[in-house]
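Before anything else, here is the set of structures, which you'll find just below.
After this come two complexes, each holding chain A, first together with chain B and then together with chain C.
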Partner chain A sequence: MSGDMSIRDRLVRLLEEGTKDSVVELGDDTSLIRSGLLDSLGLFRLALWIEKETGSRLDLESLDPAKEWDSIEGILTFVAKHLEG
Partner chain B sequence: MAKMNPGYEIVTYQPDFRKDVVELQKNLWSPDAELNAAYLEWKHERNPYLQPPLLYLALHGQKVVGMRSMFGVRWEFGIPAKRMSGICPDDLVIVPEHRNRGLITKMMKSAFEDLEKRGYPYVFSLSAGKITRLGSLAMGWRSAGSMQPRHWHSRRAEYFQRIRNIARETRFIWRYADKLPYRHWGMSQESLHGLCNPNGMRPKKIGSRISVEQGPRAGEMANLISRIGHDGRIRHVRDEEYLSWRFRNPLHRYLFLYWEEKDLEGYLVLQQYVSEYSLSKVRVNIVDWEATSLRVRAGLLRAAIRLSPFVDLNIWTATIGAETKNLLRDVGFQPVHEGVGVDQEQPCLLVRSVRADVPEVEWSLGNRRLQDMANWDIRMIYSMQG
Partner chain C sequence: MFLDLQVGDLIEPLTGRRWDRASILRRFCARTAYLQKQGMSDSDIVFMHYGNTLEFFVDLLAIWSLGGCAVPIDSRLTTFEIATLARAAKPRFSLWLGTPEEGTARALSNMGIKVLDTSEVADGGLAAPSVSFSGHSLVLDHPALILFTSGTTGDPKGVVHTHRSLRARWVTLRQALGLRKFRRTLCLLPTHFGHGLICNCLFPWLSGQDLFILPPFKTEVILQLGALLDKHEITFMSSVPTVWRLALKTAKPPRSRTLQRVFCGSAPLSAFLWREIQEWTGTGEIFNSYGITETGSWVAGTTIPDFTPEDGLIGEAWGAVIKILNKSDTDTPPCLTPECSRGEAGHVWINTPALMKGYLGRDDLTRNVVSQGWFFTGDIGILDDRGWFYLKGREREEINKGGMKVHPGDIDAVAERFRQSPDVCTFGFEDPLFGENVGIAVVLKEPRMDNLRDLIQWLRQHLGTHQMPQRWYLLDEIPRTSRGKVNRSHVAQKCALLEPVDTRKLSR
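Our next item is the complex of A and B:
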């Protein structure tokens, strides 16, 4: 059940589903965006997931996904920051 | 590093690929290959600002599996106006079985390298959907802001729709519900051109001043734009060449309202979608609107509403003046729900430097910062949505 999983596990599962055609082993510092691993649709699903996890809407005017979401570590930091805020 | 799926090659369009592109576009433009061919010809092969056509194609083997097209524009800015040819990346399509393999990134990287060699400093996007918008932000594009769409909702259409729904659920009457004369009430997605004189020989008149016609008076419209003048904000050059080309889009249908006195004093252009993939045909956009006075502007707007009381009218208002915004409000235009969040389908202006090493603070045309919507004079015809 997703409720029993850690936020990291849920994120990895989402990314694995979105990149199942790729042969890349996902690590915390694997480049997701700059490498092109996450396509537009994958990125869109990730953004929806972030909004669901944080319970807040993303402000696209100030968003820099390549900088903030390029790795699992980066995404978790982003989510943590928004959960605090 | 992520592995880029091997076997892909990015090439620029050559006429040999025409048939493949038309087929590929069945995923995006329309299911009708003939209509797609006409659109390709109009948008790219006849574009006045970019020849030969510039489309980046992803090949897998010899098969075209993806495409990002660029169309040419010509901006003017400053007083006196300087003019500059520009590029708008537009249609983006990948066949379903080749998605999520980094192809978009690969196509855009190739495109940016090529555009830099061709000397283009910036790229502009005025029609990104919610998925493309996010992908673009990830590739270094920045948003100048929302186009601030406003919407005039047809209460009459809603009323007749309600009557039909009630009739469908009423004993004895239900079988006649769909036979009621909805066609005359505009419920059948009737062509905008049906609002004009059907034999096309004589323009329909509204009052003594306004003519309704199916075609652009490109020369007169360009003269009017020139007479009204330019405040220096960044806008598309709307000369006779542009206007003659622009309204030939085969995926759209246009209707022109002209206000005439001694000369042309104003015009308003309505647009409707044709493709089966498009948004509802009940939705009609005001894609361009010019007038020498507020009186003429108001007259044209009221005539458009009177002419098409069964459609929903839309307009982008991000860069129009306060007087015009008040006018829209007074006749019943409401802001389309402006939420934040990725799931909002909100048209916006995206810009990017072609070179990745130019700092964002330096993105400008004639000292006008590109990411500031106040520096733009945007109309829906600049976008392929209009």
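Our next item is the complex of A and C:
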């Protein structure tokens, strides 16, 4: 049940689906975008997931995905910041 | 070759390389001399494996000036697929920018094809060239370009365009669209397919407009699209809905609003996405463009006054006549077939001077789609009371993955060659980014996970990454009609109710 999973677990599951051809184990600081591990579909799904988790549309003017979403740690920080805001 | 007797500048925004006209001419001379020295001559067929680079465009001109025919090859193809295409096209040369993979080079050499690394060619030095671009042996009705649209795994379908058909496309586009808005054109589409090469790149560049070339469909490029548009003051770009879906979620919009016109094609564009692109780009001139490789790509688009984005709206024809007919075969001449009434859906037929010469070595396939100069598109459409053209669907079996066409039969053919000949059915499923993606249903004689893992590996060895199925379903049997035929949409519907196999677990 996704409702019982922590936000981190849900994120890791999403990323694993987006990198399913890879055998790379995803650590908190594994580079996702700059390394090319996350392809365009994976990135698109991530953007939709973040919008769903934060309940708001992404503000493209202040967004820098290559920097802010390049690791699990970065994505969780981004989501937490937007939930607080 | 040229519409204005000159080409525009070539620029690679990511590497910073820029070749102006003088530099292009110098390199053209050096590379033409090199290819001539290697024995290239009139009517040679030449594979080119390095699309979306400056060298690709200069070498294309060099091949044409020597009377040859270029075949741009998708760099993602496997050795198996390249060899399949080579058996069909029988090229004399295979050009690379860098050293090709050893297995691929060996396979091509074994077929008697001369494999050349063109990165060895010097840039022509600083001296003024003594020759011009003008090809000495260009014959209008000679094949100029072959674009493979399917069959990389078994039965290749190569669309042959002559210099005459290409020129007809560019001249008619120029009449319909003008050149002013193409002054600084960006291409982020692959140059091995018609939309990217013939229209997005060659139409403006061979008319003297500057061409900015990016690697195709790169996530990092899309993330910085707005900044790239600003930095290079891009006035025109074409793309596919997939690129926009991602850009609209992740890329800052351009600030300087230099874009004057944007085309979106190769896949259905919804009214919703259309309006979002208008907002992001800051221009209302977002045109839904329609084209097919066989017609030299763009043959219609939204150059109509005061339009409102609508699902399926294309607009008016460019250098073509579009008819909606009730027939879908070439047995009866189109002129003897009644047209559908206005607003009535039917089969889309096109008459254009840019029509291909035919499919390479496949007159049977050509006869199936061409009748008295009319081309049967396989699309369903309508013409409304104003004469505006709308697309309503298609009858072709292909999977449209973000504008790149994947042919399910190609994937079935490879899977069926796996040991124990599994029964398979490849189909398309709805995808939020690509529009459609590739799924496959598999019946293994010994349905063990290690067998499935080996099958996946087999496909990976033989298929390009864009063709690899993204969802796998293990079935007891593939549903068939009473006549034993597979209906791919029925299989897709059945699989949609099932959980796909988690292939990530298999690879561990």
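Before moving on, here are some points about what is shown:
Criterion: the second predicted complex is superposed on the first by the 85 of 85 C-alpha atoms of A that agree within 3 Å, B and C clash if a C-alpha of one lies under 4 Å from a C-alpha of the other, contacts with A are read in each partner's own complex, and residues count from 1 in each chain.
One rule holds in what follows: a contact is a pair of C-beta atoms (placed from the backbone, for glycine too) under 8 Å apart; a residue touches a chain by one contact, two chains touch by 3 or more.
The model shown is predicted, which means the values in this text are computed figures rather than measured ones.
Touched residues of chain A were counted for both chain B and chain C, and B has more of them. Of the two partner chains placed by the overlay, chain B and chain C both lie in contact with A:Ser40. Residues 19, 21, 23, 33, 36, 38-41, 43-44, 47-48, 58, 60-61, 63, 65-66 of chain A touch chain B in one complex and chain C in the other. Of all the residues in chain A, the ones that touch chain B in their complex are 18-19, 21-24, 30-33, 35-44, 47-48, 51, 57-61, 63-66, 69. Residues of chain B touching chain A in their complex: 1-5, 92, 94, 99-106, 130-135, 137-140, 143, 145, 339-343, 348. Residue ranges of chain C in contact with chain A, taken from their complex: 217, 219-220, 222-224, 242, 245-246, 249-253, 431-434, 437, 468, 502-504, 507-508. Looking at the complex, you find that chain A touches chain C at residues 16-17, 19-21, 23, 33-34, 36, 38-41, 43-45, 47-48, 58, 60-61, 63, 65-66.
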